[in-house]
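Two complexes follow with subunit A in common, the first pairing it with subunit B and the second with subunit C.
Let's look at the complex of A and B:
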């Protein structure tokens, strides 16, 4: 019956298919958006964690003061007394995006607060990201694979973890930019259109604005170009896709203040320039090959190769000289630890200390990409059968990203889109084969024409394939004015095996079982993703909950503490804490901090680490020299909150000891073990962190039992000499101490000092009637 | 290798010994003579590490206490070199690396810090003197040390965990001397580098010619495919974790040492064998799926197709089930669906 189809009905089918695709994509977008709302439903519409608070604060500044003030913003409320040039050190993409969104909404008379816009930016952009994944996969393997990949990406847990509502961080928009840049590159490569190449450079610019991970793009695309050249796939389309990206992309990238001249000065970008030279040499070779006879060409090859080698050698020498002149060989620590995975753990404790820079174990893969881990190999193989420029790029993407994710668990985020694309291809191919097998072996069909069953199926399928193809080529024709012989060859090559394959089918009942199992696998994926979104990744970490037999407990201590600081301290008071809480303190308490999560100055952080590891008096001196008024520690011993400062303390010691050698890690360890019970070392028990965490702790239960470390603490009764407790939150999770004023030593000046002190005290009294 | 330094140091040691016999009051010897002897011994050793024995140690200790130098002793035992978990040979070579780096960095401070190694078989009384009963053991003896057990400083395990670099840090923190950068011998010598460079230079034009002609192993897509699958397998098995954390392939059971533990419960850690096993399971399902969709479909024989497919489906189902089970066991997560409450 299909063979009788008129052209009209086939176009109708096409149109129907397109409408259906659009509808599916719409649903996928809704799915991507709504699966990320668990955090709002379960908790509240609130910004999450640490970095998002900084981004939120910057966005507030942007919406209030406009773009020029934002660009020139020098923030004196962090990194006291150094300050920080925010405009020049921040990736502005996310902030500008949310700011623009807010402005548009306001101009449409939709009065949303900046916070609401910030909370929902990430879910909106994950919908965009899944659409971008559809486009990219469609370029690689067609519409079916594209839709599957988009659906998978909409709910891949790894991406959900960074883009739930409230997780207002760079990655949320950067993943969209990453996929979209890749799509435009592939599109430019497939069509050879300069339009897409230019768009690609602009999209790359957006990526550079958004995330430091843009170096992945500017290394992956040159790698792919090189791969294409080496495997003999050079074409003018490749040149068109690549050269504008390097030229325009680099120019645009250096417009972003935080990148600036890094775009041409650091080794991370050198690969692209090297490949840029190589592609020109190769282009020249192909050009000469075109105008010369084969005989002459052989002579010319020797000439060109030798000249090309000399040029490459010279450039390489310059590059090596430039690289060698810088101590880290021009690579940032994070990139170096990707190339040499053991690098960070050896030399940079501040990078090694962050849990998301650790290498993952196998359960992380199951948690973050779930059943996709099973499907990816099938996708890789499908990309090789047949191999095209686009599919080779997809393979390169998955291979590099899977390697990087193996080094740093954080880069699982880059792997997730690749895994979705690969699994989308694999699933779509598998479904294609199995449904075909069922369709042409259904009892009804075989009864009608038992002998020719396969053949009729074949004819019909060919028809469909042809229409698909013709439509494809129709689409591409305008942009493919300069006919490329190679491309036609490639296409023909890809059509031929398809027609062969159509002949062959798998046994009916086995196919049915296989489809059933694949659907089961997909269902399991959905269940897992929804569970991960709801349970694992939606906690805002600023509000904590715990479920016990007597119901739900909510720990809102952080906001309580920051609120206290905001209302009870002077505007210009300085608050010292470990760097994790810097962003939150500036954003929520609006107080100046010494260090924050932008760990740009290791020495400064080491100073705070040293103070926390020192005995009270030495710590007081350090803090006093930094004008610190209040010290904030996070303590989980009462409620069993494991990521508190005592558990982070060894890193403070390590980072402090890295700069100030009198702090030595072994002094805090008893026989190499970190403990806070009666076996703890005296240095540990006398350190400021121990004292501030456990001060008066014994009064809670009479024993001083720490629920995180599961021991009784070593030193229970002690007094503070240089600090006084001013506030402890409801569950003791945040404790705030004030530095005592210095003792007066000189008799003659007693009066003066006293009057000063009393006037200060009265000042605080006015502000704080309860204190 | 090990015999040579012994022989070269043995002769002067013998001489020294005779010399000390001839002079009955060895303790009256001036500091200078011992220091110069040690310097002589030091210059004979290629790395600057002096082989210590009981008489020599006794003579050094007989010096009046603030001695003019610090010294480090590496306690060695040939019989334990075969035990991999102690990694004595590595530590010893790292120790000599620190020594040679120190002497090249500070040629004028050669007599302020001496490096010794001492062998358990021949100098058991010295081991007893320091009360050393477990290896690896490295000890720093400051100039003022009188009671060897109390006054000398033992290098902690953390101080040689990062090999030569951390040893150098230890020395810097405990003495007033700085070792400076550690000069590791490059993995390939300069001659080898030159040879490789020349070889590459000669090979490049030939390779380029082949490349343009379009027949190298690089044009064989099966190699690329195998490589890609391998990298995937390598990464998802968490092999990088095993490399960075230096995880063993398996552990001995604590309760029953004869049993081996291959799977570690707790998501923060994994063992080598465990990672590869699960990585294999991850990979095999995809490979089988690809096999069915691309290869099996071309087989003409219906029965063969049917049998193979049943096997493939069974294996895949088993692999997925196994991984799900292992993951639930390892992480302790209870993944569950959210059914409408009226269904329950």
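Let's look at the complex of A and C:
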């Protein structure tokens, strides 16, 4: 029974292991897909948030008009009167992917609507991302670590938050492209195959198409190459993995209209060119060292170093002069805000105002990557034993992504795959050590050759890891506790009939308890992930719900307002609102807006902000100059919705004040405090935002009690002179006002007033905020 | 050791321009034997003020340089012919790239995408040829299991992708 392992049974075991791995990967894919479906089950199959509505609208255009019209599309229904060049300013990867998917499905006579395809794109690509994480970790450490990392990535809450069904945003496909590009790079590095290097460049092209975060790849890979060179790990495989990527990657990146010539002219890409030159120098040095004798090589070195220094110095001086001449040293605003976290708050208030760009708090790390936060350091240590090119890349990836996630909470998303890879490595190594300890201390069995022990050790580790995984994947259906799991493990451990006396093995009881505790850790992780997916990250934010003592309330006010706009206004009417709602308005209400979430023109946004902060007449003038017909405000005071326009008002003041100096923030604060009650400043009480939010609010409960600010409002009874209310939704969350046309005739006024009011033209010239 | 090289440096600085382009090629890609043969007699020194004093230092330094280039030449001559053909192809690609840069410096960089695609196609073919050379070189221990036909097929595939992109980007 304890005989020599025959070759047939070892290949049989290998084959069995492979089949089991494929089956587990399939289950992981299904898990990744289904854990993201909570919002579809709880609400409906609807697109969430703000940015996805823009992507949805673009995809609709693509499917209706074809790719040439999409590529050349100039959108005149946003940023009125400027318009927006969609073809040149959007990252086309996501829309092209969904469009292709829709076209393939329709050609197979599966008539899914564009909305359905858009809603479910993210879960599908998260399944692909888990498989890519398996491939990547397999290259770094092995199959066991790969499976664990894939299972962890399928469930990690940080990734779920940006890729639920309905979150149709760039990150849905970009994270898959990121992991896949890294996998192909490591594969090319490990095998030295030019084929994988080509595939790497193509995958990098897909990443550039999908997300602005591609600069992370094009800076991380050169950093890793430099690290390898500096630590003496230069090899020709490194050259083959890196040099074609730079050339092909730069070319492919320039093909995407959004990037264009930025691929060779901005500082984000200079690192890759610098390391390109460095790797050629190093390659040449190694080549010459190979063909020369040592003393000749020394002569060559002195000769080359002296000449080369002069040439390099000249080139470097020219480059530095070119870069230093631009005020931002060639970096874009967003990249600068990553490198210097205080940059945005000092210079670009729009970037600073986005809530996703704030630094994360400590609890958000635990919420978003949970147990992995403890396992990452163990994984880093495991990567050093032994250190290979691939594991040094994994360490570099986790270190840089931890830094960037500390700058912007939105970049926790880039940390998630790195954390899963590290934790997968840590968990699989830990399981390996413990199960080896158990196996080699089981009493009463002898062993023949160490080769077979290693072989069965591997399969044993696979078995245990897979047991844990299949148990975990069972867990996501509401099954009960984990009592049968540890029994299963111990049974599986005792089945193996081989053992051997080996050194550096942990005691048997400790190993058993440790395995049990690790499995318990995994169970906690799974429970947390499912809870986070179900409760925290599945809100579509266009539909709100609340539970009270008399049941479930659903607040569908946004869609109600957009529906009203769609059916009760002319097609060419312009709607002004704060930029948050621009995408939703164009997509759902199909009306032209003044500013939207793209925030590319700060002055235009400042104009709208100034209008919202000014008194009625001045605001009417500004809006009239922009041909606005309707103004939309979001008000949460009646139901306690905290993200309404009154809470965002100070940002409107700041951004408006940044361009139009007559708006001063202290005018709106009483003793440095922002209030809307009776102690509020007159500027605040007279501003358009206050008036439009609280018009007739006192009629709701007689006292005008604002549930968000928890006070009674300051000015309760007032009339609107230049605007008229046309629609307020059921819970008063969205209020739409129409600009009153100017009076034809002024009675009883002097000639001066008549000439002022009779023609809009002279009126706007006088109070024109543009002068 | 430093001071004769320093003196040799001052002398060399006068005649640097003729030699910098060929030296740049040596720096960027594999050693070229034409450069070695051309530079084995470095007489073109025009600076007169330091000639007498540096003559002795110069001679030892140039003797070192000459010995170096002769060794390089002989070592390079020992490489197999197929690798030399690849090296010639690399030199051709780099020279084409240099010509394009000079042309751009003369007539300006509009349209920039054409210049970029032309330059990067030359650089790209040079890089891919270097990769091919690495994989085909019999002395490379890491690639002894790789049949040269597979290496060439990869080279062709990568070139196809590169030139597809170039064609698209050329405008």
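FYI, the second predicted complex is superposed on the first by the 668 of 771 C-alpha atoms of A that agree within 3 Å, B and C clash if a C-alpha of one lies under 4 Å from a C-alpha of the other, contacts with A are read in each partner's own complex, and residues count from 1 in each chain.
Quick note on the criterion: a contact is a pair of C-beta atoms (placed from the backbone, for glycine too) under 8 Å apart; a residue touches a chain by one contact, two chains touch by 3 or more.
Quick caveat: nothing in here was measured; it's all calculated off a predicted structure.
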Simultaneous placement of subunit C and subunit B on subunit A, clash or fit: fit
Subunit B versus subunit C as contact partner of A:301, first or second or both or neither: first
Subunit B versus subunit C as contact partner of A:664, first or second or both or neither: first
First, second, both or neither for A:672, with subunit B first and subunit C second: first
Subunit B versus subunit C as contact partner of A:361, first or second or both or neither: first
Chain touching more of subunit A, residue-wise (subunit B, subunit C): B
First (subunit B), second (subunit C), both or neither touched by A:192: second
Which of subunit B and subunit C A:640 touches, first, second, both or neither: neither
Touching partner for A:243 - first (subunit B), second (subunit C), both, neither: second
Least Cα gap, in Å, left between subunit B and subunit C after the two complexes are fitted on chain A: 13
Residues of subunit A contacting subunit B in one complex and subunit C in the other: 306
In the complex with subunit C, residue positions of subunit A that touch it: 192-195, 197-198, 201-202, 235-237, 239-240, 243-244, 247-248, 250-252, 254-255, 261, 264, 280-281, 283-284, 287-288, 290-293, 296, 299-300, 302-304, 306-308, 310-311
Complex contacts: residues of subunit B adjacent to subunit A: 156-158, 162, 165, 173, 204-205, 208-209, 211-212, 214, 218-219, 221, 224-225, 227-229, 231-232, 234-241, 243-245, 267-270, 274-275, 278-279, 282-283, 285-287, 289-290, 292-294, 296-299, 302, 305-306, 309-310, 313, 316-317, 319-320, 323-324, 327, 330-331, 333, 335-338
Residues of subunit A that touch subunit B when the two form their complex: 230-232, 285, 301, 305-306, 309, 341-342, 345-346, 359-367, 371, 373-382, 384-385, 387, 395, 398-399, 402-403, 405-407, 426, 429-430, 432-433, 500-501, 504-507, 509-511, 513-514, 517, 521, 524, 527-528, 530-532, 534, 536, 661, 664-666, 672
Complex interface listing, subunit C residues touching subunit A: 1, 5, 9, 12-13, 16, 20, 23-24, 26-31, 64-65, 67-68, 71-72, 75-76, 112-113, 116-117, 120, 123-124, 127-128, 130-132, 134-135, 139-140, 142-143, 146, 151, 154-155, 157-158, 161-162, 165-166, 168-169
